[in-house]
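One chain, chain A, appears in both complexes that follow, with chain B as partner in the first and chain C in the second.
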Partner chain A sequence: MMKSPYAELLAVLSRHRGVVGSFVVSERDGIAIDSNVQIGVHAEAVAALAASLHRKARLACGAAGCGQVTFLRLDAERGGICAAGRDDLVLVTISEARANIGLLRVEMMRAAKALT
Partner chain B sequence: MRIAVEAWMEDPLRRFIDDSRVRLVLLLETSGRVLAQHGFTRSIEVMSACALAAAIHASAAEIGRQLDGNPFTALHHPGTSRQVFLGELPTARGAYVLLTVFDDSSSIGLVKLYFTELGARLAAAAPAVAATAPAPSFIDFESDLNRNLAKLFGRI
Partner chain C sequence: MADEIRRLSDDLARDPSSLVFMPLADALRRAGQLDLAMRVALRGLDRHPYVADAHDVLARIHADRGDLERAADEWEMTLRLDPSHEQASLGLGFVDFRRGNFEQAEVRLAAARDGDPGVATALAHVRSALAARSAGARVPASGFDVPAGAVVQPAAVPTPAPNGNRSTASERDTPAVATPAPSRITEYPPPDPTRTRQLFAPVLDGDDQMAVLVDADGLVLAGRYLDATGSDVSDIVAAELAGVSSEAERAMRHLGLGAWTSLLVEADQSVVAMTPAPMGSLMVVAASRQTPVGLVRLLLDRALTRARDWLARVS
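Up next is the complex of A and B:
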């Protein structure tokens, strides 16, 4: 089967310590275009909800006059979700609490620039 | 105002509407008889939409059978500002069809996600049907449709 253009990018993100899943999602549709997730991650649900979250963050930043959203981080009890978007595409990662978010952020910002 | 003809459908449907942020919802039997509605203001619109949804569902199912050997059970049509999703929900009382219209406040990913949850909630909430329930005749269909529309628009 042919690999998607995002397969390598997602594989790099998923190799980070504590990352349990990464996706490229269409913000408008809320559907994962490609994903690399561990067993047990409900990929479709996370993709749809994270895309909706990113869209609302983009609209909020626009309304507040802050400009484009560059990086979105959501911390939770046992981990978190990070998102970085470009045009209609959003790169999303799910991580455990032990993940190095700083390093992940750098990698995601770099990867988001490559999204087309 | 009530949105469903039968009380057990109300809670699952209200949760679906709240979570998915859809604009219009119709729940119907595969025959086209309305069971619930949200967002419509006139009963004539509900009647037309039910007839069309039942026809689209039947056509899609038949195309699926001919192409794939299995009926297609979900259909998505993205318009420029509004989108339509039509899907089948199996319950103990037979298959129901959900027609929903949404705009940029939602997305097809969210609608599909909450549609799956709605199916599980309706299946869990559906009371057992009598094994000997007869199939409705054409005369029953007409009177049931009118009675359901009257219930949904507060006339009875």
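Up next is the complex of A and C:
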């Protein structure tokens, strides 16, 4: 079976401490293009919601004259979601509270530049 | 004492943005009403976070409550804002003394400026304790109490300096004018269309920071959002953010990660942070890209506290 061009990138992100899943999703329709998630993670639903959040943030930032969204982070009591986008593609990670968000952020922003 | 508290409460009710909260909080502290004193001091600091005397008052309240750690934090903050603040040096000396760090207390008090009888008396107690310990005698447990503090005078409201920071230079010099006023402490503007736009101004630190409270339907409740040209884009930003709360909630439910607490968006020009607020509303704070992300989160917490109080009052 042929690997997607994002497989290696997602595997690297998923090796970060506390990361339970990562995927590339289309912001326009919320469909996951590729994913690397642990068993039990509802990748499709989360991908769609993360894409929708990214779209809302992008539109709000556009309205406010803030420029392009470079990174988005949704925090919850026991973890959260990070997203970094480029054009229509959004790189999303799901992490537990023990994840090193600073390191993950740097890695994701670097990886997002390579999304095509 | 009761008359003094009533008069100061009236003064604060007449001008909630004044620094009268400092003598009021201190008077409440001296009257033993520590919870109320704490509330008044914290609300005052919400508006005037860079007034050294206000942190000194809060430190004394913490000390009276027996919370030496927080008292020390506040006195250290006081000294950061005003390195010559003798009451803060006295306070930290008191904390050192209570912790048994007599040497450190002596160094701190000796470094304080000469001429303050309170510092001199405290220094004498500390040296006496040191001598007693050296001689193997029993060290007196008392003799150095929570600093009484100088009589804190209310002053003019700090005005933004040209660089966007609050000025502090003359904040302790101008006495407030006392005139009769209704006897109640109130700090939040009523739901007046023009005043609610300014609701979050006291918790923001510069012109490049904005805060807006958005209801569940994407309508602005309070605050405002200006774009780079100075145009008010609050309504359109609020509309674009409608539904963020519910989507964040759904995403977290799918993942089983608990309730969502904040959403941080970094963009080319700004950092925008939001968090769920009461009644399904959304608190949004934005700052320039140069602002550290951690500070944006702190601003968000401060704005949320203010939004909660305001919503409780107007709803």
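In the analysis below, the second predicted complex is superposed on the first by the 116 of 116 C-alpha atoms of A that agree within 3 Å, B and C clash if a C-alpha of one lies under 4 Å from a C-alpha of the other, contacts with A are read in each partner's own complex, and residues count from 1 in each chain.
Please note the rule applied: contacts are C-beta pairs under 8 Å (C-beta built on N, C-alpha and C of every residue); 3 or more make two chains touch, one makes a residue touch a chain.
The shown structure was predicted, so the numbers you read here are calculated from the model rather than taken from an experiment.
K.L.:
Will chain C clash with chain B on chain A after the two structures are superposed, or do they fit?
P.N.:
Aligned on chain A, chain C fits beside chain B.
K.L.:
With the two complexes overlaid on chain A, check the angle at chain A between chain B and chain C, Cα centres, nearest 10°.
P.N.:
That angle rounds to 110 degrees.
K.L.:
By the touch definition at the top of the document, which applies to A:C66: first (chain B), second (chain C), both, or neither?
P.N.:
Once the two structures are laid over each other on A, A:C66 reaches chain C alone.
K.L.:
Could you look at A:L49 and tell me whether it touches chain B, chain C, both or neither (first, second, both, neither)?
P.N.:
A:L49: touches chain B and chain C.
K.L.:
In the superposed arrangement, does A:D75 touch chain B (first), chain C (second), both or neither?
P.N.:
Second partner only.
K.L.:
Looking at A:V41, would you say it contacts chain B, chain C, both, or neither? Reply first, second, both or neither.
P.N.:
Only chain C is touched by A:V41; chain B is not.
K.L.:
Looking at A:L115 after the superposition, I want to know if it touches chain B, chain C, both of them or none. Which is it: first, second, both, neither?
P.N.:
After superposing on A, A:L115 lies clear of both chain B and chain C.
K.L.:
Check whether chain B or chain C contacts more residues of chain A in the superposed model.
P.N.:
With both complexes superposed on chain A, more residues of chain A are touched by C.
K.L.:
Thinking of the overlay built on chain A, is A:D29 touched by chain B (first), by chain C (second), by both, or by neither?
P.N.:
first
K.L.:
Please provide the least distance in Å between a C-alpha atom of chain B and a C-alpha atom of chain C in the combined superposition.
P.N.:
Nearest C-alpha atoms of the two chains are 9 Å apart.
K.L.:
Jot down the residues of chain A that show up as touching in both complexes, chain B in one and chain C in the other.
P.N.:
Residues 45, 49, 52 of chain A touch both chain B and chain C.
K.L.:
For chain B, which residues are in contact with chain A within the complex?
P.N.:
It comes out as residues 104, 106-110, 112-113.
K.L.:
State the interface residues of chain A toward chain C in the complex, per the touch definition above.
P.N.:
41-42, 45-46, 49-50, 52-53, 56-57, 59-61, 63-81, 94, 96
K.L.:
Mind listing the chain C positions that touch chain A in their complex?
P.N.:
Per the touch definition, chain C meets chain A at residues 225, 227-229, 233, 236-237, 240-241, 243-244, 247-248, 250-252, 254-270, 272, 286.
K.L.:
What does chain A use to touch chain B in their complex?
P.N.:
Where chain A meets chain B, its residues are 25-26, 28-32, 44-45, 47-49, 51-52, 55.
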